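Pasting the structures here.
Consider the two complexes below, in which subunit A is the common component and subunit B and subunit C are the respective partners.
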Partner chain A sequence: MQRPSSNTPGLTLEQLDQDGAIQEGISELYGSTRADFLRKAVLGGGALIAALSVPPEVKAAAASDVRIFQFGLNFEYLQSSFYTETDRLGTIDAMAPRKAHWARTLGAHERAHVAIIKKVLGPAAGKRPFFNFRGNTETEDRFTRTAVAMEDLTTALLTGLTPKLQDQGLAAAAFSLMTVEARHAAWARHLVGVVPVASAFDEPKSLDRVDRIVAGTRFISTLRPRTTTSGDPRFTG
Partner chain B sequence: MLVASVLVVGLFASRSAAPHGPPSAASSPSSKAFRLESIQGVALPEPILPAFVPSTPILLPVSDRPARWALVRVAVPARSEPRSDSHIVATVAKRTPEGTSNIVLVLGRKTDKTGRLWIHVRLPVLPNNLTAWVPRSALGGYGAVRTHLVVDLERLTATLYRNRRQIFRADIGGGQDAWPTPKGHFYIRNKLTGYSSPTYGPLAFGTSARSDVLTDWPAGGYIGIHGTDRPELLPGRVSHGCIRLRNADILRLAQLMPVGTPLTIR
Partner chain C sequence: MSDVKPPAEDGGLEVNVVEAVASRSHLLKRATVAGGGVVVGGLLVAGLPKVAASAPSRAQDVRILNYLLRLEYVMTAFYETAAAEGQLSGEIEQFVSVVGEQERKHVALLQEILGRDADPEPAVDFGDRTNPDRVAETAHTLEETASAAYIGQGANLTKGVMIDAARITSVEARHAAWIADILQRHPAPAAADPAKSPKQVVVAVRKLGISISG
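Let's turn to the complex of A and B:
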C-alpha cells in the first residue's frame, strides 16, 4: 500500500500559480496596487484607528491588535467568499457526501468568523474586497487544492500573529480560531489523502510572507468593475 | 499548551521534591499533584476567557443560488462549443459603448479535454438571445444578484422580483410596431446617471438587448430602460424599442435593481 505523501505538489498557494491553475495576470486591468491590498488595508486601517469610534471590545486594545484583526478580517473575507462562491455555483453539489459536508461546514465556519471579527472591529472593519477566484471555485479538483492550501496558510498565519496580540482576551479568542483553522487544515488534508499533520511543529508565517502569498494568487482585486457612468445615453429611446 | 505547562511544572516540582530518590507519590499521574488547580500547593492561573465567541455557523440554504455575472477583462472570441477549435460566433468587447466595463451573464461551465475551463455566457450581441462559450481566463470576478426583471409587452408592465418575490411593478412604454422591443432573455449591464438629455429622464439602465430593426443606430441600437419627459404617453407603445418608465418609477427601480440583473422581455 502506498503511503500518503506529506508534501504533495500543488497543495500550497505558491504552487497553484506554477501549475496553471491560476491563469495569466490581471495587472493590466486592475493595476499594480492589487498585489499589496492586504498590506495597504492594514496600514490604512491603522492610520484611521485614532479617529474612529471603536466598540468596547477593542477600545482598550492596542492599535497593533486592531491592525492584526483587520488583517485577519481580510483573510477571513477571502476564505468565506471562496467557500460561499463554490457552494452557490453548485460545485459542491457534485462532490461525494463526505466531501460536500466538509466544504459546506468550512464555509459556515468562515462566515461565522467574518461576522464576529466585523462585530469586534466595528467601524474599523474594512469592506469585503472584490474577488476573482479565477476558476478555483468551479471544479472540484481546483477547489480542493486551493482549500487545502488556504487552510494550511491560515494556520501558519495565526500561529505567527496570535502571540503578537497584546490583549489577553483577544489572544485567547484568536487561539480558539487558530485551533479550529488547524482542524480545518487537517480535515482537508485527510480528505485529499495526504498526511493531516505534516510535521511535529507548525512553522509560523509572517504577515509579510502571507501577504506575498495571497497577492501571488491574484484572488483579490482592489478595483470593482465600473458599471455606472454619467455619459449621455445613446439607446434607441 | 496548558496541559504542557502543567506537565512541565509538575516535572519541575517532582524533581525538586525528590531529586535522587525513587519516584515520589507526587510524580504519579493519579496523584493530586496533577490536578489542574494546583501542583504541590502552587496555584495555577485560571484560563483566560476569550474576548469574543463566534455565533453558531449556518449552512447556506440549498436554494441560495443567485444569478452570476462576470466582468469581461479582455476582448475575446465567443465560441459555439466549449473548445478552442469551435466556431466563433461573436467577439466580446472589454467595454460597452457607454464606456463602462462590459459584463456577461454566466449560465454554466465546462472543462474541455485539455483541462481548460469554459464559461457559458449570454452575450450582448445580435442576434438577440445568443449564448456562447468563453475561456474562464477572459473573465474577471463574479458578481451575484438575486433580482430578476420581467417586462410584459402585452400588459405594458415591468415587474422586479427578488428571491422570486415581487418587489416592484410599474407601467411602461414599449416599442412602436415599426420599432418593436425585442423579446427574449437579456440582462442589465450598466447604469447611467447625471447626463443632460431630458428625453431619457433622470436615469437609464443599459441592457444586453439590441433593436432588430435599428441596427445602424449610434452605438449599435442597444435597448435601454429609462425615464421620460413624456410621462403622459405611458403606458403605451411609444418608443423606438426602449422601455420607458415614469421618472419616479425609474428612480425607485434604481434603488432596487443592481447591474447584472437578468431581464426577460415577453
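Let's turn to the complex of A and C:
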C-alpha cells in the first residue's frame, strides 16, 4: 500500500456531493424519488423487499445481526466513497468506454447498497466515516488494482457474514447483495485479464479478519467513532 | 417504505406461465425421488419453501440441496457434453473447461453433505444447445438461473449448510458475470440480484429446450 503523504486530504461523500452530483447520478439510474430508486434497485428481489418492508424486523433482530449490518454499512461506505471520489477526480472520464462503464456501474451499485442497508438499520445506522484513499483514486492502474482487491474482499466478507445472520429475511437479503459483489469481482478480474473465478468455492472471511485488512489499508480514518478531533484541515472541494 | 409494495407472491407472471405449463402433465413429468420429494420437470422439487418463509430443518435441507444438486448435475453434464463435442476455441473453451471443473466440485460437495439422501444424476437431453455457436448463450442462462436459484433457497437452509451454499452461490454469480462479459452483455445488471423460485427455474431451463428425466 502506498505510503500516505502527510497532507493528503480526507474526503467525505457529503463534502463531495455538495452539488448533488451523486444524488443526480442515482436519479438517472434509478428514478427520481428515493422510493422509486429503492424499488428499482431491488428489481423484484423479493427477499430484499421482504427485509426492507418490515422495519420492526431489524429492531427485533438479534444484536449480532445489527452489528453485522453496521459493519456491512461501513464497508459499503468505504466502497461507494472510493468509486465516487474516483469519478469526481476525473479518473473514470479518462478510461476507455467499456472500463468507464464498469467503474460507474460499481459506484452506482455500492451507493445503492449504502441506501439499502441504511434503510434496513434505520436509527441504528452509523454515519459515514472519513476516508483517505491515499492516491488510489487518482490513476486508472491503482484504482483498478484496488477495486479488484476490494470486490474480492467484499465477496469473502458477505460469504462469511450471511450465514451468521439470525434473521432469515435479512440472510435472504444478504444473499441478494453477496452475488452482486461476486459479479463485481469477476467483472473486475476479467477486465484486468485474470481468471474471474479462482476457485470452485469462495472462501469466507470473518468480520474480524476483514476489519484487520481494512485497518491495514488505513483508508478509513474513523472506522469507530473517535472522541478526539483531528487537527488536519478537511478537504472541501 | 410504505410505498414499496412486495412483488406478487412467488414472482408474478412467469409463475402463471409455469402453472399453465404444469397443468399439461405430458409436458412436465413427475417423479418421486429420495426422501419422498416430488420432482417436476426434472428439476423442481415440489414443496420447497418460498424465500425466507419456512423454518430450517434437516428434512428441508435435503429437499433444497437435492433441487440445487440437480441444477449442478445439469450444468456439469452441459459443460462435459460441450467440451466433448470439441470445436470450442478461445475464451469459450477456457470458460467451459474452468467452469465445468468447478461445477463438478459443487456436485461433489452437495453429494457429500447429502450422503445417502443425494439424488442420482438425471438423464439430460441438451438438444442443439451444445453446438459450439450456442454454448456461450446457453451457459449464460444456466449460470444466471443457478445463481438466482441459490439466492432463492440459501436462507432457508440450516446454518451449517448455509455456509456451504453461500460459498457456492457467489461462485455461480462469478460464472454468470464472466460469461456475460464474454458475450458483451451486462455482467452485473442490478444492485441487488433477484431470487428465482423453483418454478421460475424450471421455466428458464425448459425455455432452453433442455429436457431432464429421472
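Operating definition for what follows: the second predicted complex is superposed on the first by the 166 of 237 C-alpha atoms of A that agree within 3 Å, B and C clash if a C-alpha of one lies under 4 Å from a C-alpha of the other, contacts with A are read in each partner's own complex, and residues count from 1 in each chain.
Heads up, the rule we're going with is that a contact is a pair of C-beta atoms (placed from the backbone, for glycine too) under 8 Å apart; a residue touches a chain by one contact, two chains touch by 3 or more.
Quick caveat: nothing in here was measured; it's all calculated off a predicted structure.
In the superposed model, A:G193 makes contact with neither subunit B nor subunit C. By the touch criterion stated above, A:H113 is placed in contact with subunit B and with subunit C alike.
Within the superposed three-chain model, A:S221 lies in touch with subunit B and out of touch with subunit C [touch as defined at top]. Once the two complexes are laid over each other on the shared chain, residue contacts for A:R134 go to subunit B alone; subunit C is not touched.
Contacts of A:T105 after superposition on the shared chain: both subunit B and subunit C are touched. In the overlay built on the shared chain, the residue A:T159 is in contact with subunit C alone; subunit B does not reach it. When the shared chain is aligned, subunit B comes close enough to touch A:G90, but subunit C does not. In the superposed model, A:P123 makes contact with neither subunit B nor subunit C. According to the touch criterion, the shared surface of subunit A, contacted by subunit B in one complex and subunit C in the other, consists of residues 105, 108-109, 112-113, 116, 119, 168-169, 171-173, 175-177. Of all residues in subunit A, those touching subunit C in their complex are 30, 35, 38-39, 41-53, 55, 105-106, 108-109, 112-113, 116, 119, 155, 158-160, 162-164, 168-169, 171-187, 190-191, 195-197, 199-204.
Subunit A makes touch with subunit B in their complex at residues 20, 23-24, 26, 29, 57, 84-85, 87-90, 104-105, 107-109, 111-113, 115-116, 119-120, 130-135, 138-139, 167-173, 175-177, 221, 225-237. Per the touch definition, subunit B reaches subunit A in the complex via residues 47-60, 64-66, 68, 71, 73-74, 97-101, 103, 109, 111, 115, 117, 136-137, 140-144, 175, 179, 189-197, 199-200, 204, 206, 211, 214, 217-219, 221-224, 226, 239-242, 259-260.
Touching subunit A in their complex are the following residues of subunit C: 1, 3-7, 11-12, 50-52, 56, 98-99, 101-103, 105-106, 109, 147, 150-152, 154-156, 159, 162-164, 166-178, 181-182, 187-195.
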